[in-house]
Amino acid sequence: MSSKPTKVYFYGTCLVDLFFPDAGMAGIQLLREAGLEVIFPQGQTCCGQPAFNCGYWEEARDVARTQVALFPQDLPVILPSGSCAGMMKVHYPELFHGQPDEAKVRAFSARVFELTQFLVEVLDVKLKDLGEPVKVTWHSSCHAVRDLGLKGEPQSLIGQLSNVTLAPLAREHECCGFGGTFSVRQPEISGAMSCDKAADAEATGASVVLSTDGGCLLNVNGTLEAKQSPLRVQHIAEFLWERTHAR
Amino acid sequence: MHVESEIHFRDAAAKALLDPQLRANFRRAMDGLISKRRAQFPDPRDLQDLRDLSTAIRSRSLLNLPDLLEQLEASCRKNGIQVHWAETCEQANELILGLLQAKGAKTLVKGKSMVSEEMHLNAFLESKGIEALESDLGEYIIQLDGETPSHIIMPAIHKNKDQIARQFSQKIKDAKYTEDVDELTAMARKVLRQKFLDADAGLSGVNFAVAETGTLCLVENEGNGRMSTHVPPLHIAVMGLEKVVARLEDVAPLYSILTRSATGQAVSTYFNLISGPRGTGEKDGPQEVHLVILDNGRSRIYADPQLRATLRCIRCGACMNHCPVYTRVGGHAYEAVYPGPIGKILTPQMEGVGVRHDLIHGSSLCGACAEVCPVEIPIPEILVRLRREATHEDAGSKVEGRGTGRTATEDWAWRLWAGVLKRPTLYRLAAWFATRFGKALPTGAPLIKDWTRTRTKPVPARRSLQERMRAEGARHD
Amino acid sequence: MTNATADARSAILGRLRASMDTGPLPGLDTAVLERRAWPAAERVVRLRKGMEAVHTEFLDATPADWPAVVRAFCDREGLKNLLFGPASEAGAALADAWTPGGTQLLPYDRPVETFKEELFTGVDAGFTDTVGGVAETGGLLLMPGPAEPRLMSLVPPIHIALLRASTIQNTFWSAVKSLGWGRRLPPNALMISGPSKTADIEQTLAYGVHGPKRLIVVLVQDLS
């Protein structure tokens, strides 16, 4: 995208919609603050990833089709999730391969961005930290990095905040154990991975775990809560918004 | 949403997770392998270029597979290597038995071969009165205990030295108890050198088979592979039909990326190129060399353009070293010859996707495996494809057991899921209920019960993002 | 070929042919291999560094004095005997320079069957020539054959190998090309980077598991 757009679509994702609406609101505010008009189509549900990953592609397509239809204009579609953005950007073209509406879906996929990716690559935002000194740690979601190809955009945003220290996890790139249906189909393995991730986060000495994905956040938060750890999780969008706005 | 077959990987994994020694052994070993591999690829561009080249070489080999196999056969024959074909493991076992019996062989020393594990060759030969002795130190250790490999490169990785010390002192004649690795190694050396000396035949796998020159390439550190293939009068090599490569030149980058990816070694101690039995004037080497080419489901995997990528595998084991699941449960939990990510896609394709439905779902699809795979096998994509094959009997696909993992419960669940999510009004209603009453869901409810084993119950926000945006009157066209 | 294996052959090849694609072959970009290139003197240093990292020992020698260097090593180590190939050029040169007394030269000039037991239990070291080396990773290239049998570099506990600095190639890939191995290979050829080793017990390196416990490279400095 050569010039900065003036209008964007925002796709909340189901997990942010139901569990982290503040993160969704923060993402929208960050975009508005950068001077963009944000269109939030009603009728958003889910990107279809759970069914796709389980092999139920017809069901995934049915849902995906209704989502694509919500974004007719040639505008960027911004998601506060690396995993859902990866689904829409990378896996939709596979899911619709050979379908009559493949071209339309491909054109949609090309417009999809994860929020931090858009803030850094397209908007090149400059952040001013207004918060108290704090130590945070970063959990990189597997799909954000490996499917979507995030290359440190969230970390570079955190790096702009002068009062924030980023203490890396010992195993930053290891899966937190969520994996969608994996967490309930293989609860023992998933639980072991989640507990290790929580312990890794605690060992950093940070007071908050940041991530770009609702699934990871839900998982890590639930695990920390079960351990009665004082450590909490926060979506990066919400964290960035709070840090740049004095309360 | 549990189907019957899902139970066994889950159970075996759950059991493994309760063994702190096993978990510590694997974690320590995998951490070591990960950092050694990383040190071998300091330049990301070199790594990517080498992966691209290796992937291209393997893809070309597969594109030309039948031609290359015929060329390999002709080149081997010219070199004096006798070539045999087997469609199934049973055929391959019978073939090898026949070769051994024709020479009156009673003892066989083996270099490491995963294909022979696939064939359960040792048990078969033992039942026919032929001793089959593993000579790779790791394989020897597990054979003493009647175990199977827990890793394709380091078969005894699940054991620590105390366990091995105890085992050696009990099972090797005149052995004293010691936890000194050099002394343990020396004990095995003593036993095995006598076996090499006495063996009637040797068996090896094949890392790469070169079509143009009729050469069998073997990668190893210990020297047991050379012992097994050069000392006894008869050498039998077994290979999966995908192992063929056009030219020796092509083997060079594959070899380089194999040792680096597998154990983080720039080079192995030995890279042995065998192109024939003892030649004219030669004073040693086997009198006969036989090559057994095994199918065992590979030609069926080959038939599918997407699944064919599975056959690019060069068996380095990097996918298991980097897998968060494998690292925690170890190789035996998979109850398969090939564990870890590659096993999760290979085993169901060989044995049937319905039969090994459990393995296909034993992954969080995190993608760590594909990220390190030297030949860029898209393991998560293939897993998703196999999940589809397991539950859908699509026309045209040749996947073994397709559709047999389908259950009415799961079908119903996904239909309901789509029914709600493709209708915004229904979703809105569901979201309204979830945000108002989600808190009240009992922890014993299906799915929530499994989730809350190690986590608190997820509680939806009081108002959804959509609700808040509607209230705000945000533009929504 | 028996009937069973002939049937298997045609069934397997038939299935493979039925699903063969006729797409274009992906290109092979070997730039990453070509980039691995060093001047001759640096190749020697790299090879040595790579091999020393896996416990290979080096003895420096000149084109004239290498037999004396081998001899001095044998005497120093108190070796009872040294297996060599009398028909190889290096073997013959070694024999010519060998003075009586001390380590005894043992020719490998008959089929292994006639002295297998002795080879396994009564030989202290084996001496072989090499046809080159690999700088990138460290490694010796050997072509065993009638003059230098295969087991000389494998069975005795010490392997002494003669390497001329001028024969060190950049990579295994470039060596395969310059030695013509890609066109024709003897029944056995190999690369050796160090003494036999294993890490099968708790990832702990142990040397001398099945093959030689020590690898000694007599490095002949013949670069002009």
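Side notes on the structure shown:
As written, the chains take the letters A, B and C, and residue 1 is the first residue of each chain.
The criterion applied here is as follows: contacts are C-beta pairs under 8 Å (C-beta built on N, C-alpha and C of every residue); 3 or more make two chains touch, one makes a residue touch a chain.
Chain labels with UniProt names: A = Fe-S oxidoreductase; B = 4Fe-4S ferredoxin; C = LUD domain-containing protein.
All of these numbers come straight from a predicted model, not from anything done at the bench.
Per-pair counts of C-beta contacts peak for the chains B-C.
Centrality by Cα centroid goes to chain B. Per-chain Cα centroids separate chain A from chain B by 33 Å. Centroids built from CA atoms put chain C at 54 Å from chain A. Touching of two or more other chains is recorded for no residue of chain C. By the touch rule above, chain C contacts chain B in their complex via residues 1-2, 4-6, 8-9, 11-13, 15-21, 23, 25-33, 35, 50, 54, 108-112, 116-117, 120, 134, 136-139, 145-146, 149-151, 154-155, 171-173, 176-177, 181-204, 206, 208-212. By the touch rule above, chain B contacts chain A in their complex via residues 1-2, 6, 9-10, 13-14, 17, 324-325, 328-329, 361-368, 370-371, 381, 384-392, 410, 414-415, 417-418, 420-424, 427, 431, 434-435, 438, 447, 450-461, 463-470, 474-477. Within the complex formed with chain B, the residues of chain A that make contact are 12, 14, 16-22, 24-25, 28, 37-46, 48, 50-60, 62-63, 65-66, 94, 142-143, 146-147, 173-175, 177-196, 218-219, 221-223, 225-226. By the touch criterion given at the top, residues 25, 28-29, 32-33, 46, 49-50, 52-53, 55-57, 59-60, 63-66, 69-70, 79-80, 83-87, 91, 94-95, 98, 135-138, 141, 154-157, 159-161, 164, 181-182, 184-186, 188-189, 192-193, 196-197, 212-213, 215, 221-224, 226-227, 230-231, 241, 247-253, 255-256, 263, 266-285, 293, 295, 299-300, 302-305 of chain B touch chain C in their complex.
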